[in-house]
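Two complexes come next, and they have one chain in common, chain A, joined by chain B in the first and chain C in the second.
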Partner chain A sequence: MMEPTGPKGTTVDPRTWMILCFTGIAAIIGIHSEIGCLFLFVWCMLVHLFTGKAGKIMAYLIFYLALSGITWAGVGLLQNDATMVLGIALSNMGILGRKAVIPLSFASCLAKEPTGSLMAALGRMRLPKAVGIAVAVMLRFFPTLGEEYRAIRNSQRFRGIGVGILHTLTHLPSTIEYILIPLALRITKVAEELSASMTVRGVRFSGKTISYRPVRFTAKDGILALTALSALLLLLFLERGGIL
Partner chain B sequence: MIELKNLSFSYENANTERGQLQDICLSVKQGELVLLAGKSGCGKTTLTRVLNGLCPQFYPGNLTGEYCLDGENALEMSVHRLGAMVGSVFQDPRSQFFATNTTDEMVLGMENVPLERPVMEERLHEVCRQMDMERLLDRRIYPLSSGEKQMVAIASVCATKPKVLVLDEPSANLDSEAVVRLGSLLYRLKMAGHTIVLSEHRFHYVQECFDRMVFMENGVISEIYSREDALSLSEGRLAAMGLRPFAVPALRVGGAFVSGQEDMLQVSSISWTMDHRQILDRISFSAVRGKILAIAGPNGAGKSSLCRVITGLHRASGTVCLDGEYLKRKRRTRQSFFVQQDAVYQLYAPTVLGEFSLGKKETPEMKTAALARLSEMGLEDLAARHPASLSGGQKQRLLLALAAESGRRLMVFDEPTSGLDGYHMRLTVKVLKDLAKAGHCVVLITHDMDLISAAADGVLYIVNGEVRYHRNTLRDKVNKTYYQCIANNVCNTSNRNKD
Partner chain C sequence: MKQSKFLNLKEFVLVLVLSCAITAIGIVVAMPFAFSMQLLYFLVPGLAGLLNGILYVLMIHKCPKIGTQLIMPLIYGLYFLFSGSVYVFVFFVILGIVNELIMLNGYGHKIRQAVPHVLMWVLNSMGSTLTLLLFRDSMVQTYMDMGMDAASADAAIAAVEGFWLAPQSIALALVSAAVLSIAGYALGEKMLGKHFKPAGAV
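Showing the complex of A and B:
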């Protein structure tokens, strides 16, 4: 028989992931040099390493290297007038993609936090409950969209609708129609039923609520947040000073 | 506890002149368990929505009459306050989740009451123990099976211990064991003084504890039966009312299923892992042309995953042969037709008739054949309608017609009778039997014992991704106790045949 052991909190406070995410956004806007971006990426991977998310580092690294390759190829194509447009597209894609991976990796960690912890953390920040509900519903809908999209594509295989890349590209308008219409119908139904379920369970009630999961901004969270801000300021200083 | 007097309701923008509920008079005492019964579309769901305040506060419409709850005028209460007194479990387990984690979902109602953290903790573990679902604590919701999701939804509501509990077909996705546990949970809640209103098509799990059965037709309460009167209704009478029988299905399986070279579908050593978890473990079985095979087992056993592998949706180790020919994954998809639970994302054409020529060039022969299929399913008048405008049952019948017309050798149906009343269940059984008779190999994934009992020629029982037994359905002798064996998964005969 299982005995109550007390609700589990999270190892990193959701507010810390938010700080890291916003710092990441500020950093990619403020830092422009290649070497500065590389340092940012290294810092981002170190954060993941020390917060127990090391499992994803290899995937991020491969992604970063692949995008570096695309940038390099794009820059190569810029030399020729005929391929300049493609070169611009590829190099921009590579540069923006490498930058975006930093805040997105933190956003992904935030999205994986339990909904209760997230709501409680937002509540502690004195944000209106509606903000917490909106964020939670948004996070809930990402996997729903993926699940429904996969279900639609799987069903299409049995209905004789090609789902391969070639078929999709050669029949783009009909493919989009066959995906969007059932997806819209299904998502509308899910949204309506979810809203009904939330309503009867008092989620939209604006009175006092008690979070089941304790959220604590610990010393570890403080260090992570301070490190993030320090890294940003240091890189900005070095870049503006012409050192990077 | 509940007093409804001359209550009528019609949805805003409803396209019927008759209201969805008409002149409903019903009084339910505290601690009573009332069963709402009737064909699909008779108004059961609307009545549950009135009880929990969703109609008209969430679903706008015209409501007249009186509704008193625990001596108070419920029509003047806010939906949040009403929601705290009336706990609701909805029909579709996939669309009622707010959280992404099971524990967060189960405590959600308690957080909003709000209850103190230790109380939440105690109630959470109490309800999980009662429903034997501790294993589902702190799990991600999305990878769970429909039945597991439904259990989480039920636990979430029961943990708040509302005065009144309104459940809309809670057993539709549950396995036999979970249904039995749900029955005992409802019994305990009733004994503790909770009032329960249960809208259901499957009654057998509450036949020992319900007090009255309210039979509805076209938005009207036609008859209210006491428990004794309801249980004495003959099967013929229940069938005429469009209901399923009260008794547990008289299902008996036995005799070793002997695989042969002539078997149409031969599955060997299928293994599949997802997220480092072994979902299927060396599963082997065969299925015969012209027969119906039911794949049964507890929620999360791997039934749907197995069928996804067979039909080529998932890559897995092992082999699948059709008519003796080894088929690679893509060819399996081309040779099979998999009808999933939700019809919405399986229909794409602008008209019902157009569904038959989707992705092909329409020919006069094709059109004639399609019209004949529609006629068979009673859908001939709807040929020009948009598929999205059909009712759930009509969509399901259209998919059955499409499956039949596809000419594929292997047909797989995932819970084809989930949420269907007795009348539509029998109709589906007839169509499935016709498909089998036409030479197709029909595979059903189902928890519905009524369906297995009525349609299946064999049962493949899976537990934790492994075959527990594969046996033939015996219809010559009636033996109720075997159903209990399946429910409790302790039948000796099945263990002997373990692969």
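Showing the complex of A and C:
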């Protein structure tokens, strides 16, 4: 079979984003120290920088710094019995949020991969087609859900529903009903459109899925995956050895 | 034509997108209460179950087939996996399998259909506890790195565990999640007759 031709593919294979994502999950569970987590974050940002995804680094940095501030404030409040409960809530939010940003930043890169490339890459991992469909739908649907919600909110505001916090709180049951029901109906429509789109693309047929864009696990992907595993092992070694 | 017992492509996609919506609602509902440990523990899982009852009822009426009960906890568990809580993800996968077994030939039975929904949000109320236990060492280390001495850091975590793992707290969290998710299921059944059936969605 001829190698598919088409526009130049993305620089990183979708499988590499998955490896980075799962390495990130392993890393945030295994690494406990502040300095270790900081190194993890720096490594994560370097990966984004060297893979042409530098656009979001500033946002991640601000998010990380804000959460560090929240953690610091939370730990400060922990020292006082009266503010201990709030301190625990703030510090937990800061600690868990800063950890989650690492795998989630890689998941967001995976979400930006074209659907065809994603499904072809998952197919090459010998995963069932249903897994590819599920991953593609899941990664694409969250932003769509936000857009649908905003559209419904805007249209309901014209009818005086959910205008302002006070009005929303005083009419909470009806506000929820008038927003959640149209959202549920809209979701069923989107699902029908998605499945129709998949049907005409031939997803329901058995056979190998190929991508319009080239999907290759290149040397660059190999280096990225190896670097991720090395960074994880090195940080674990340094932390367990008492160096970090 | 004989209907398949398993989800077809259209139903599979519908279950996926409704599960994504359920997950999103579960996350969004927690946000305003993030500053209060008590509300996060005792109210949020039930509140999510209350709102998601509407989507759950719509889902089981549109796709009463094998696979529906597995996908929803799986997608919700993935959110925990990407946040680093592997244990919680595994528990949600197990819950999905259990729910499938509960619902084998069970669609159409009003009470039996409510059980997977209640179990889902009851397990969710225990998710924070499991996450806390998983990241205990990280928390102690961070408290120490940010200026606390080891004894104070350990005492702070012990206080959280004392609250989180106290039998009365666990019981209250479970009962609250169960009651509110049953109310959510009942609300969903009401909305089915009031909105979804007249709109031709079911």
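Rule of thumb we're sticking to: the second predicted complex is superposed on the first by the 212 of 244 C-alpha atoms of A that agree within 3 Å, B and C clash if a C-alpha of one lies under 4 Å from a C-alpha of the other, contacts with A are read in each partner's own complex, and residues count from 1 in each chain.
We take it that contacts are C-beta pairs under 8 Å (C-beta built on N, C-alpha and C of every residue); 3 or more make two chains touch, one makes a residue touch a chain.
As the structure is a prediction and not an experimental result, all values here were calculated from the model.
Of the two partner chains placed by the overlay, neither chain B nor chain C lies in contact with A:T218.
Of the two partner chains placed around the shared chain by superposition, neither chain B nor chain C is touched by A:S230. Applying the stated contact rule after C-alpha superposition, one finds that A:V137 touches each of chain B and chain C.
Of the two partner chains placed by the overlay, only chain C lies in contact with A:I88; chain B stays clear of it. Touch criterion met: A:G202 reaches chain B, while chain C stays clear of it. Contact with chain B, but none with chain C, is seen for A:F158 once the two complexes are overlaid on the shared chain. In the overlay built on the shared chain, the residue A:L194 is in contact with chain B and with chain C. Looking at the shared chain after the overlay, A:T170 reaches neither chain B nor chain C. In the superposed pair of complexes, A:I28 makes contact with chain C only, with no contact to chain B. The residues of chain A shared by its contacts with chain B and with chain C are 137, 177, 181, 183, 185, 190, 194-195, 198-199, 203-204. Chain B contributes residues 52-54, 57-59, 79-80, 82-84, 86-88, 90, 92, 94-101, 103-105, 107-117, 120-122, 124-125, 128-129, 134, 138, 142, 156-157, 308, 311-313, 333, 336-338, 340, 342, 344-348, 358-360, 388, 402, 406, 408 to its touches with chain A in the complex.
Across the complex, chain A meets chain B through its residues 1-4, 6-8, 114-116, 136-137, 139-140, 143, 147-148, 151-152, 154-162, 177-178, 181-183, 185-186, 189-190, 193-205, 208-214.
Within the complex, the chain A residues that touch chain C are 21, 25, 28-29, 31-35, 37, 71-72, 75, 78-79, 84-93, 95-96, 99-100, 103-104, 107, 130, 133-134, 137-138, 141-142, 145, 176-177, 180-181, 183-185, 187-188, 190-192, 194-195, 198-199, 203-204.
Across the interface of their complex, chain A is touched by residues 9-10, 12-14, 16-18, 20-21, 24, 34-38, 40, 51, 54-55, 58, 62, 71, 75, 78, 81-84, 86, 131-132, 134-135, 137-143, 145-148, 152, 156, 159-160, 191, 195-196, 199, 201 of chain C.
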